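Some structures are shown below for you to check.
Next, two complexes with chain A in common: one pairs it with chain B, the other with chain C.
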Partner chain A sequence: MEIFKIVGLGITATILSVIIKQYKPEYGIHISIATGVIIFLLIVGKLASILKVMEQLTNKMEIDLIYVKSIFKIIGIAYISEFGAQVCRDSGEESIALKIEFAGKILIMVLALPILLSVLNLIVKLIP
Partner chain B sequence: MAIDINMIFKIAAIGILVSVLNMVLKHSGREEMAMMTTIAGLIIVLFMIINIINNLFSTVRTMFEIY
Partner chain C sequence: MIEILKIWIINIITIIVFISFIEILMPNSKMKKYLNLVLGFIVMLVILNPLINIINSKVDLEDEFYKISRDLKKEEYVFVSNNIENKQKQQLISLYEDRLKTDVVNRIESKYDVNVLEIDINLEKSEENLGEIKKLKLSVIEKEKVIPIVKIDIFKDENDEESEKHGVDMELKEKIRKDISNIYNVKNTRIIVN
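Presenting the complex of A and B:
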(Lines of atoms letter the chains of each structure in order from A and count residues from 1; the text may use other names and numbers.)
(Lines give C-alpha, C1' and ligand atoms only; values in the text may rest on other atoms or scores of the structure.)
Protein backbone atom coordinates (compact mmCIF):
# COMPACT_ATOMS: atom_id res chain seq x y z
CA MET A 1 0.00 0.00 0.00
CA GLU A 2 1.28 3.46 -0.82
CA ILE A 3 0.30 4.91 2.51
CA PHE A 4 3.17 3.12 4.29
CA LYS A 5 5.66 4.42 1.73
CA ILE A 6 4.35 7.95 2.08
CA VAL A 7 4.35 7.97 5.87
CA GLY A 8 7.84 6.48 5.93
CA LEU A 9 9.03 9.08 3.48
CA GLY A 10 7.48 11.90 5.49
CA ILE A 11 8.98 10.78 8.78
CA THR A 12 12.49 10.29 7.39
CA ALA A 13 12.31 13.67 5.71
CA THR A 14 11.19 15.38 8.91
CA ILE A 15 14.01 13.77 10.88
CA LEU A 16 16.54 14.80 8.23
CA SER A 17 15.28 18.35 8.12
CA VAL A 18 15.35 18.66 11.91
CA ILE A 19 18.96 17.46 11.93
CA ILE A 20 20.04 19.85 9.23
CA LYS A 21 18.08 22.80 10.64
CA GLN A 22 20.56 23.08 13.51
CA TYR A 23 23.48 23.70 11.16
CA LYS A 24 21.89 25.29 8.12
CA PRO A 25 18.27 26.48 8.57
CA GLU A 26 17.65 27.12 4.87
CA TYR A 27 18.15 23.44 3.95
CA GLY A 28 15.26 22.50 6.20
CA ILE A 29 12.93 24.45 3.92
CA HIS A 30 14.41 22.80 0.83
CA ILE A 31 13.81 19.37 2.29
CA SER A 32 10.20 20.16 3.21
CA ILE A 33 9.47 21.48 -0.29
CA ALA A 34 11.02 18.41 -1.88
CA THR A 35 9.07 16.07 0.36
CA GLY A 36 5.80 17.81 -0.37
CA VAL A 37 6.35 17.53 -4.09
CA ILE A 38 7.44 13.89 -3.94
CA ILE A 39 4.40 12.87 -1.91
CA PHE A 40 2.12 14.66 -4.36
CA LEU A 41 3.80 12.98 -7.33
CA LEU A 42 3.34 9.59 -5.68
CA ILE A 43 -0.41 10.20 -5.33
CA VAL A 44 -0.96 11.90 -8.68
CA GLY A 45 -1.91 8.63 -10.41
CA LYS A 46 -4.83 7.99 -8.09
CA LEU A 47 -5.97 11.61 -8.39
CA ALA A 48 -5.97 11.39 -12.20
CA SER A 49 -8.23 8.32 -12.11
CA ILE A 50 -10.65 10.09 -9.73
CA LEU A 51 -10.85 13.06 -12.07
CA LYS A 52 -11.49 10.75 -15.05
CA VAL A 53 -14.35 9.04 -13.21
CA MET A 54 -15.91 12.40 -12.38
CA GLU A 55 -15.64 13.46 -16.01
CA GLN A 56 -17.36 10.26 -17.17
CA LEU A 57 -20.16 10.87 -14.68
CA THR A 58 -20.76 14.38 -15.97
CA ASN A 59 -20.79 13.10 -19.56
CA LYS A 60 -23.45 10.57 -18.66
CA MET A 61 -25.64 13.22 -17.00
CA GLU A 62 -25.20 15.60 -20.00
CA ILE A 63 -24.00 18.35 -17.65
CA ASP A 64 -22.18 21.04 -19.59
CA LEU A 65 -18.48 20.15 -19.48
CA ILE A 66 -17.39 23.78 -19.00
CA TYR A 67 -18.65 23.80 -15.41
CA VAL A 68 -16.73 20.65 -14.45
CA LYS A 69 -13.60 21.93 -16.19
CA SER A 70 -13.67 25.17 -14.22
CA ILE A 71 -14.25 23.22 -11.03
CA PHE A 72 -11.10 21.21 -11.77
CA LYS A 73 -9.25 24.46 -12.45
CA ILE A 74 -10.43 25.86 -9.13
CA ILE A 75 -9.24 22.72 -7.34
CA GLY A 76 -5.85 23.00 -9.02
CA ILE A 77 -5.45 26.68 -8.15
CA ALA A 78 -6.54 26.02 -4.57
CA TYR A 79 -4.02 23.22 -4.23
CA ILE A 80 -1.08 25.18 -5.63
CA SER A 81 -1.80 28.30 -3.58
CA GLU A 82 -2.21 26.15 -0.48
CA PHE A 83 1.12 24.46 -1.23
CA GLY A 84 2.89 27.80 -1.59
CA ALA A 85 1.22 29.32 1.44
CA GLN A 86 2.15 26.37 3.64
CA VAL A 87 5.78 26.49 2.50
CA CYS A 88 5.96 30.20 3.36
CA ARG A 89 4.26 29.60 6.71
CA ASP A 90 6.75 26.82 7.51
CA SER A 91 9.66 29.15 6.96
CA GLY A 92 8.04 31.75 9.21
CA GLU A 93 6.89 34.22 6.55
CA GLU A 94 3.26 34.58 7.66
CA SER A 95 2.55 37.73 5.67
CA ILE A 96 3.75 36.26 2.37
CA ALA A 97 1.58 33.20 3.00
CA LEU A 98 -1.45 35.43 3.54
CA LYS A 99 -0.73 37.35 0.32
CA ILE A 100 -0.50 34.10 -1.65
CA GLU A 101 -3.80 32.92 -0.21
CA PHE A 102 -5.39 36.27 -0.99
CA ALA A 103 -4.27 36.05 -4.61
CA GLY A 104 -5.52 32.47 -4.80
CA LYS A 105 -8.95 33.51 -3.54
CA ILE A 106 -9.19 36.26 -6.14
CA LEU A 107 -8.25 33.88 -8.95
CA ILE A 108 -10.79 31.32 -7.78
CA MET A 109 -13.42 34.06 -7.62
CA VAL A 110 -12.62 35.02 -11.20
CA LEU A 111 -13.10 31.43 -12.31
CA ALA A 112 -16.28 30.92 -10.31
CA LEU A 113 -17.99 34.05 -11.69
CA PRO A 114 -19.33 32.49 -14.95
CA ILE A 115 -20.95 29.66 -12.99
CA LEU A 116 -22.53 32.19 -10.64
CA LEU A 117 -23.89 34.23 -13.53
CA SER A 118 -25.38 31.19 -15.25
CA VAL A 119 -27.12 30.18 -12.02
CA LEU A 120 -28.54 33.67 -11.63
CA ASN A 121 -29.77 33.67 -15.25
CA LEU A 122 -31.43 30.32 -14.61
CA ILE A 123 -33.20 31.67 -11.53
CA VAL A 124 -34.36 34.76 -13.39
CA LYS A 125 -35.80 32.56 -16.15
CA LEU A 126 -37.62 30.40 -13.63
CA ILE A 127 -39.42 33.33 -12.03
CA PRO A 128 -42.63 33.82 -14.11
CA MET B 1 15.58 13.48 -12.44
CA ALA B 2 14.79 10.59 -10.13
CA ILE B 3 11.83 12.10 -8.33
CA ASP B 4 12.04 9.84 -5.31
CA ILE B 5 13.36 9.41 -1.82
CA ASN B 6 16.98 9.67 -2.90
CA MET B 7 16.30 13.27 -3.93
CA ILE B 8 15.72 14.08 -0.28
CA PHE B 9 18.85 12.22 0.77
CA LYS B 10 20.86 14.15 -1.82
CA ILE B 11 19.69 17.48 -0.44
CA ALA B 12 20.37 16.37 3.12
CA ALA B 13 23.83 15.14 2.13
CA ILE B 14 24.67 18.47 0.46
CA GLY B 15 23.45 20.31 3.53
CA ILE B 16 25.58 18.29 5.91
CA LEU B 17 28.59 18.50 3.61
CA VAL B 18 28.35 22.26 3.34
CA SER B 19 28.01 22.74 7.08
CA VAL B 20 30.98 20.47 7.79
CA LEU B 21 33.09 22.21 5.16
CA ASN B 22 32.10 25.52 6.69
CA MET B 23 33.28 24.51 10.11
CA VAL B 24 36.57 23.18 8.79
CA LEU B 25 37.25 26.28 6.70
CA LYS B 26 36.29 28.61 9.56
CA HIS B 27 38.68 26.90 11.95
CA SER B 28 41.50 27.00 9.38
CA GLY B 29 40.98 30.73 9.10
CA ARG B 30 39.58 31.01 5.53
CA GLU B 31 36.33 32.90 6.09
CA GLU B 32 35.72 33.83 2.44
CA MET B 33 36.17 30.20 1.29
CA ALA B 34 33.53 29.18 3.81
CA MET B 35 31.15 31.75 2.35
CA MET B 36 31.90 30.49 -1.17
CA THR B 37 31.08 26.89 -0.26
CA THR B 38 27.84 27.98 1.40
CA ILE B 39 26.75 29.85 -1.71
CA ALA B 40 27.79 26.97 -3.98
CA GLY B 41 25.85 24.44 -1.94
CA LEU B 42 22.82 26.70 -1.90
CA ILE B 43 22.90 27.14 -5.68
CA ILE B 44 23.10 23.39 -6.31
CA VAL B 45 20.18 22.67 -3.99
CA LEU B 46 18.19 25.54 -5.49
CA PHE B 47 18.62 24.07 -8.96
CA MET B 48 17.33 20.71 -7.73
CA ILE B 49 14.40 22.36 -5.96
CA ILE B 50 13.50 24.45 -9.01
CA ASN B 51 13.62 21.33 -11.15
CA ILE B 52 11.31 19.42 -8.81
CA ILE B 53 8.89 22.34 -8.45
CA ASN B 54 8.77 22.71 -12.23
CA ASN B 55 7.84 19.04 -12.35
CA LEU B 56 5.04 19.61 -9.84
CA PHE B 57 3.64 22.63 -11.68
CA SER B 58 3.64 20.88 -15.07
CA THR B 59 1.89 17.85 -13.55
CA VAL B 60 -0.80 19.99 -11.95
CA ARG B 61 -1.18 22.03 -15.14
CA THR B 62 -1.77 18.99 -17.30
CA MET B 63 -4.04 17.25 -14.82
CA PHE B 64 -6.37 20.13 -13.92
CA GLU B 65 -6.15 21.70 -17.40
CA ILE B 66 -5.01 25.05 -16.05
CA TYR B 67 -3.55 26.91 -19.01
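Presenting the complex of A and C:
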Protein backbone atom coordinates (compact mmCIF):
# COMPACT_ATOMS: atom_id res chain seq x y z
CA MET A 1 0.00 0.00 0.00
CA GLU A 2 1.55 3.18 -1.22
CA ILE A 3 -0.34 5.50 1.09
CA PHE A 4 1.14 3.83 4.21
CA LYS A 5 4.60 4.38 2.79
CA ILE A 6 3.99 8.04 2.12
CA VAL A 7 2.22 8.80 5.38
CA GLY A 8 4.89 6.89 7.33
CA LEU A 9 7.61 8.83 5.59
CA GLY A 10 5.83 12.09 6.27
CA ILE A 11 5.29 11.42 9.97
CA THR A 12 8.85 10.18 10.46
CA ALA A 13 10.24 13.23 8.72
CA THR A 14 8.04 15.50 10.83
CA ILE A 15 9.19 13.95 14.10
CA LEU A 16 12.81 14.06 12.95
CA SER A 17 12.49 17.67 11.91
CA VAL A 18 10.88 18.69 15.21
CA ILE A 19 13.64 16.97 17.20
CA ILE A 20 16.45 18.36 15.08
CA LYS A 21 15.03 21.87 15.11
CA GLN A 22 15.76 22.09 18.86
CA TYR A 23 19.47 21.66 18.24
CA LYS A 24 20.09 22.81 14.69
CA PRO A 25 17.16 24.75 13.28
CA GLU A 26 18.80 25.16 9.86
CA TYR A 27 18.66 21.41 9.15
CA GLY A 28 14.87 21.34 9.55
CA ILE A 29 14.45 23.00 6.17
CA HIS A 30 16.66 20.43 4.50
CA ILE A 31 14.54 17.61 5.89
CA SER A 32 11.31 19.19 4.73
CA ILE A 33 12.63 19.80 1.23
CA ALA A 34 13.99 16.27 0.94
CA THR A 35 10.71 14.79 2.17
CA GLY A 36 8.73 16.81 -0.34
CA VAL A 37 10.92 15.66 -3.20
CA ILE A 38 10.78 12.01 -2.12
CA ILE A 39 6.98 12.03 -1.85
CA PHE A 40 6.73 13.65 -5.24
CA LEU A 41 9.03 11.02 -6.76
CA LEU A 42 6.95 8.23 -5.19
CA ILE A 43 3.76 9.37 -6.88
CA VAL A 44 5.17 10.69 -10.13
CA GLY A 45 4.64 7.33 -11.84
CA LYS A 46 0.95 7.28 -10.92
CA LEU A 47 0.60 10.85 -12.08
CA ALA A 48 2.06 9.91 -15.46
CA SER A 49 -0.51 7.14 -15.87
CA ILE A 50 -3.35 9.52 -15.01
CA LEU A 51 -2.10 12.00 -17.56
CA LYS A 52 -1.96 9.28 -20.20
CA VAL A 53 -5.60 8.33 -19.54
CA MET A 54 -6.55 11.98 -19.76
CA GLU A 55 -4.83 12.24 -23.11
CA GLN A 56 -6.75 9.25 -24.41
CA LEU A 57 -9.95 10.85 -23.18
CA THR A 58 -9.21 14.02 -25.07
CA ASN A 59 -8.33 12.07 -28.21
CA LYS A 60 -11.92 10.92 -28.35
CA MET A 61 -13.13 14.48 -28.24
CA GLU A 62 -13.13 16.83 -31.17
CA ILE A 63 -11.29 19.42 -29.13
CA ASP A 64 -7.74 20.32 -30.11
CA LEU A 65 -4.95 18.72 -28.18
CA ILE A 66 -3.02 21.95 -27.66
CA TYR A 67 -5.55 23.24 -25.19
CA VAL A 68 -5.22 20.10 -23.12
CA LYS A 69 -1.44 20.39 -23.21
CA SER A 70 -1.71 23.98 -22.03
CA ILE A 71 -3.95 22.91 -19.16
CA PHE A 72 -1.48 20.26 -18.04
CA LYS A 73 1.35 22.73 -18.24
CA ILE A 74 -0.63 25.19 -16.13
CA ILE A 75 -1.29 22.51 -13.51
CA GLY A 76 2.39 21.60 -13.46
CA ILE A 77 3.48 25.20 -13.03
CA ALA A 78 0.92 25.71 -10.28
CA TYR A 79 2.11 22.64 -8.39
CA ILE A 80 5.80 23.38 -8.66
CA SER A 81 5.49 27.04 -7.74
CA GLU A 82 3.25 26.07 -4.85
CA PHE A 83 5.85 23.56 -3.64
CA GLY A 84 8.64 26.13 -3.83
CA ALA A 85 6.59 28.83 -2.18
CA GLN A 86 5.53 26.48 0.62
CA VAL A 87 9.15 25.52 1.36
CA CYS A 88 10.15 29.19 1.47
CA ARG A 89 7.21 30.02 3.71
CA ASP A 90 8.12 27.20 6.12
CA SER A 91 11.56 28.68 6.60
CA GLY A 92 10.09 32.10 7.27
CA GLU A 93 10.86 33.74 3.92
CA GLU A 94 7.45 35.09 3.11
CA SER A 95 8.71 37.61 0.55
CA ILE A 96 10.61 35.03 -1.51
CA ALA A 97 7.52 32.80 -1.47
CA LEU A 98 5.44 35.67 -2.83
CA LYS A 99 7.95 36.22 -5.62
CA ILE A 100 7.83 32.54 -6.60
CA GLU A 101 4.06 32.72 -6.74
CA PHE A 102 4.28 35.86 -8.80
CA ALA A 103 6.58 34.15 -11.32
CA GLY A 104 4.21 31.20 -11.48
CA LYS A 105 1.28 33.50 -12.18
CA ILE A 106 3.13 35.24 -14.97
CA LEU A 107 4.08 31.93 -16.60
CA ILE A 108 0.48 30.71 -16.32
CA MET A 109 -0.75 33.93 -17.90
CA VAL A 110 1.70 33.47 -20.80
CA LEU A 111 0.27 30.00 -21.39
CA ALA A 112 -3.33 31.13 -20.99
CA LEU A 113 -3.08 34.20 -23.19
CA PRO A 114 -3.14 32.39 -26.58
CA ILE A 115 -6.26 30.47 -25.58
CA LEU A 116 -7.89 33.63 -24.31
CA LEU A 117 -7.08 35.60 -27.44
CA SER A 118 -8.08 32.85 -29.85
CA VAL A 119 -11.48 32.55 -28.14
CA LEU A 120 -11.88 36.30 -28.33
CA ASN A 121 -10.98 36.39 -32.03
CA LEU A 122 -13.40 33.58 -32.68
CA ILE A 123 -16.28 35.34 -30.98
CA VAL A 124 -15.50 38.54 -32.85
CA LYS A 125 -15.55 36.60 -36.12
CA LEU A 126 -18.87 34.97 -35.23
CA ILE A 127 -20.59 38.33 -35.06
CA PRO A 128 -21.62 39.16 -38.62
CA MET B 1 -27.57 16.59 -38.78
CA ILE B 2 -28.23 14.10 -36.01
CA GLU B 3 -24.65 12.88 -36.32
CA ILE B 4 -23.31 16.39 -35.70
CA LEU B 5 -25.61 16.81 -32.72
CA LYS B 6 -24.42 13.50 -31.30
CA ILE B 7 -20.77 14.46 -31.56
CA TRP B 8 -21.51 17.79 -30.00
CA ILE B 9 -23.26 16.31 -26.98
CA ILE B 10 -20.52 13.72 -26.48
CA ASN B 11 -17.94 16.48 -26.61
CA ILE B 12 -19.70 18.53 -23.98
CA ILE B 13 -20.07 15.55 -21.66
CA THR B 14 -16.44 14.51 -22.01
CA ILE B 15 -15.17 18.02 -21.38
CA ILE B 16 -17.29 18.28 -18.23
CA VAL B 17 -15.93 14.96 -16.94
CA PHE B 18 -12.44 16.00 -17.90
CA ILE B 19 -12.75 19.30 -16.07
CA SER B 20 -14.05 17.64 -12.91
CA PHE B 21 -10.96 15.42 -12.97
CA ILE B 22 -8.70 18.40 -13.45
CA GLU B 23 -10.34 20.17 -10.50
CA ILE B 24 -9.34 17.27 -8.27
CA LEU B 25 -5.77 17.38 -9.55
CA MET B 26 -5.48 21.11 -9.00
CA PRO B 27 -3.77 22.31 -5.84
CA ASN B 28 -6.22 24.35 -3.79
CA SER B 29 -4.36 27.59 -3.83
CA LYS B 30 -4.36 31.02 -5.36
CA MET B 31 -3.49 29.48 -8.71
CA LYS B 32 -6.86 27.77 -8.92
CA LYS B 33 -8.68 30.79 -10.27
CA TYR B 34 -6.29 31.09 -13.20
CA LEU B 35 -6.91 27.51 -14.19
CA ASN B 36 -10.65 28.04 -13.78
CA LEU B 37 -10.45 30.91 -16.24
CA VAL B 38 -8.77 28.78 -18.88
CA LEU B 39 -11.14 25.86 -18.27
CA GLY B 40 -14.10 28.18 -18.69
CA PHE B 41 -12.78 29.31 -22.03
CA ILE B 42 -12.32 25.75 -23.16
CA VAL B 43 -15.89 24.83 -22.24
CA MET B 44 -16.99 27.86 -24.21
CA LEU B 45 -14.97 26.70 -27.20
CA VAL B 46 -16.46 23.22 -27.09
CA ILE B 47 -19.98 24.58 -26.93
CA LEU B 48 -19.34 27.03 -29.74
CA ASN B 49 -17.53 24.52 -31.94
CA PRO B 50 -20.43 23.33 -34.17
CA LEU B 51 -21.65 26.88 -34.58
CA ILE B 52 -18.24 27.88 -35.85
CA ASN B 53 -18.21 25.00 -38.25
CA ILE B 54 -21.56 26.00 -39.67
CA ILE B 55 -20.93 29.71 -40.01
CA ASN B 56 -17.30 29.81 -40.93
CA SER B 57 -15.50 26.64 -41.81
CA LYS B 58 -12.24 28.42 -42.50
CA VAL B 59 -11.45 29.28 -38.89
CA ASP B 60 -8.72 26.99 -37.69
CA LEU B 61 -8.36 27.32 -33.95
CA GLU B 62 -5.07 25.50 -33.83
CA ASP B 63 -3.57 27.89 -36.35
CA GLU B 64 -4.84 30.82 -34.40
CA PHE B 65 -3.38 29.46 -31.18
CA TYR B 66 0.05 28.89 -32.73
CA LYS B 67 0.02 32.31 -34.35
CA ILE B 68 -0.70 34.08 -31.08
CA SER B 69 1.82 32.11 -29.08
CA ARG B 70 4.41 32.74 -31.79
CA ASP B 71 3.76 36.46 -31.59
CA LEU B 72 4.17 36.36 -27.82
CA LYS B 73 7.48 34.51 -28.14
CA LYS B 74 8.66 36.94 -30.78
CA GLU B 75 8.04 39.89 -28.52
CA GLU B 76 9.93 38.19 -25.72
CA TYR B 77 12.92 37.49 -27.97
CA VAL B 78 12.98 41.06 -29.28
CA PHE B 79 13.10 42.28 -25.69
CA VAL B 80 15.93 39.90 -24.79
CA SER B 81 17.95 40.65 -27.92
CA ASN B 82 17.62 44.39 -27.37
CA ASN B 83 19.03 43.92 -23.91
CA ILE B 84 21.95 41.92 -25.26
CA GLU B 85 22.67 44.57 -27.91
CA ASN B 86 22.75 47.33 -25.34
CA LYS B 87 25.06 45.34 -23.12
CA GLN B 88 27.40 44.67 -26.03
CA LYS B 89 27.54 48.35 -26.87
CA GLN B 90 28.41 49.27 -23.31
CA GLN B 91 31.15 46.66 -23.19
CA LEU B 92 32.55 47.96 -26.46
CA ILE B 93 32.63 51.53 -25.17
CA SER B 94 34.33 50.56 -21.92
CA LEU B 95 36.89 48.47 -23.82
CA TYR B 96 37.57 51.40 -26.11
CA GLU B 97 38.00 53.69 -23.14
CA ASP B 98 40.48 51.32 -21.51
CA ARG B 99 42.50 50.99 -24.69
CA LEU B 100 42.51 54.73 -25.19
CA LYS B 101 43.71 55.27 -21.65
CA THR B 102 46.60 52.83 -21.93
CA ASP B 103 47.48 54.29 -25.31
CA VAL B 104 47.68 57.84 -23.96
CA VAL B 105 49.64 56.74 -20.91
CA ASN B 106 52.14 54.75 -22.96
CA ARG B 107 52.61 57.55 -25.44
CA ILE B 108 53.18 60.22 -22.81
CA GLU B 109 55.42 58.11 -20.63
CA SER B 110 57.63 56.99 -23.49
CA LYS B 111 57.93 60.43 -25.04
CA TYR B 112 58.42 62.60 -21.98
CA ASP B 113 60.21 62.05 -18.78
CA VAL B 114 57.09 61.84 -16.66
CA ASN B 115 54.90 59.31 -14.86
CA VAL B 116 51.15 59.45 -15.38
CA LEU B 117 49.47 59.35 -12.01
CA GLU B 118 45.87 59.51 -13.04
CA ILE B 119 43.92 59.63 -16.27
CA ASP B 120 40.28 60.32 -16.77
CA ILE B 121 38.58 60.24 -20.16
CA ASN B 122 35.03 61.36 -20.84
CA LEU B 123 33.66 59.89 -24.06
CA GLU B 124 30.72 60.99 -26.17
CA LYS B 125 27.95 58.41 -25.81
CA SER B 126 25.34 59.73 -28.25
CA GLU B 127 24.82 57.99 -31.57
CA GLU B 128 26.31 60.64 -33.89
CA ASN B 129 29.73 61.24 -32.42
CA LEU B 130 30.16 57.95 -30.65
CA GLY B 131 33.60 57.64 -29.12
CA GLU B 132 34.67 61.25 -29.51
CA ILE B 133 36.70 62.51 -26.56
CA LYS B 134 34.68 65.04 -24.58
CA LYS B 135 37.17 65.70 -21.85
CA LEU B 136 40.58 64.35 -20.99
CA LYS B 137 42.08 64.87 -17.60
CA LEU B 138 45.65 63.93 -16.99
CA SER B 139 47.79 64.32 -13.93
CA VAL B 140 51.48 63.75 -14.39
CA ILE B 141 54.50 63.73 -12.14
CA GLU B 142 58.13 63.96 -13.03
CA LYS B 143 59.97 60.68 -13.12
CA GLU B 144 62.10 60.21 -10.09
CA LYS B 145 65.69 60.47 -11.03
CA VAL B 146 68.48 58.91 -9.12
CA ILE B 147 69.16 61.54 -6.55
CA PRO B 148 72.82 62.23 -6.11
CA ILE B 149 74.08 62.43 -2.64
CA VAL B 150 73.90 65.96 -1.45
CA LYS B 151 74.84 67.52 1.75
CA ILE B 152 71.69 68.37 3.48
CA ASP B 153 71.34 71.79 4.83
CA ILE B 154 69.00 71.54 7.74
CA PHE B 155 68.11 75.15 7.80
CA LYS B 156 66.91 75.31 4.20
CA ASP B 157 63.18 75.59 3.69
CA GLU B 158 61.78 72.12 3.07
CA ASN B 159 58.63 73.15 1.22
CA ASP B 160 60.58 74.78 -1.49
CA GLU B 161 62.52 71.70 -2.32
CA GLU B 162 59.43 69.50 -2.31
CA SER B 163 57.67 71.47 -4.98
CA GLU B 164 60.76 71.54 -7.11
CA LYS B 165 61.20 67.82 -6.98
CA HIS B 166 57.70 66.65 -7.89
CA GLY B 167 56.07 69.45 -9.87
CA VAL B 168 56.19 69.38 -13.64
CA ASP B 169 56.84 72.77 -15.16
CA MET B 170 54.20 74.53 -17.21
CA GLU B 171 56.13 74.29 -20.46
CA LEU B 172 56.17 70.53 -20.39
CA LYS B 173 52.47 70.44 -19.51
CA GLU B 174 51.68 72.66 -22.47
CA LYS B 175 53.78 70.43 -24.70
CA ILE B 176 51.90 67.33 -23.56
CA ARG B 177 48.60 69.05 -24.13
CA LYS B 178 49.49 70.04 -27.66
CA ASP B 179 50.78 66.60 -28.39
CA ILE B 180 47.59 64.89 -27.27
CA SER B 181 45.41 67.33 -29.12
CA ASN B 182 47.38 66.71 -32.32
CA ILE B 183 47.33 62.94 -32.07
CA TYR B 184 43.73 62.38 -31.04
CA ASN B 185 42.24 65.37 -32.83
CA VAL B 186 40.76 66.84 -29.69
CA LYS B 187 40.26 70.54 -29.02
CA ASN B 188 42.96 72.00 -26.84
CA THR B 189 40.48 73.31 -24.31
CA ARG B 190 39.12 69.89 -23.59
CA ILE B 191 42.39 68.64 -22.19
CA ILE B 192 43.49 69.31 -18.66
CA VAL B 193 46.98 68.42 -17.54
CA ASN B 194 47.90 68.68 -13.90
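FYI, the second predicted complex is superposed on the first by the 128 of 128 C-alpha atoms of A that agree within 3 Å, B and C clash if a C-alpha of one lies under 4 Å from a C-alpha of the other, contacts with A are read in each partner's own complex, and residues count from 1 in each chain.
Throughout what follows, a residue touches a chain if its C-beta (ideal position, glycine included) is under 8 Å from a C-beta of that chain, and two chains touch if they have at least 3 such contacts.
The structure presented is a predicted model; accordingly, all values stated were derived computationally and were not measured.
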First (chain B), second (chain C), both or neither: which does A:E55 touch? neither
Looking at A:V119 after the superposition, I want to know if it touches chain B, chain C, both of them or none. Which is it: first, second, both, neither? second
Return first, second, both or neither, reflecting whether A:D90 touches chain B, chain C, both chains, or no partner chain. neither
Touching A:I75, do we find chain B (first), chain C (second), both, or neither? both
Which residues form the common part of the chain A surface touched by chain B and by chain C? 75, 77, 79
Footprint of chain C on chain A - complex, ascending: 50, 54, 57-58, 60-64, 66-67, 70-71, 74-75, 77-79, 81-82, 101, 104-105, 108-119, 121-123, 125-126
Note: in the complex, chain A contacts chain B through residues 9, 12-13, 16-17, 19-20, 23-24, 26-27, 30-31, 33-35, 37-38, 40-41, 44, 47-48, 51, 69, 72-73, 75-77, 79-80, 83
As the complex stands, chain C meets chain A at residues 7, 10-11, 14-15, 17-18, 21-22, 25-27, 29-32, 34-35, 37-39, 41-42, 44-46, 48-49, 51-52, 55-56, 59, 61-62, 64-66, 68-69, 72
Which residues of chain B touch chain A in the complex? 3-5, 7-9, 11-12, 14-16, 18-19, 38, 42, 45-46, 48-49, 52-53, 55-57, 59-61, 63-66
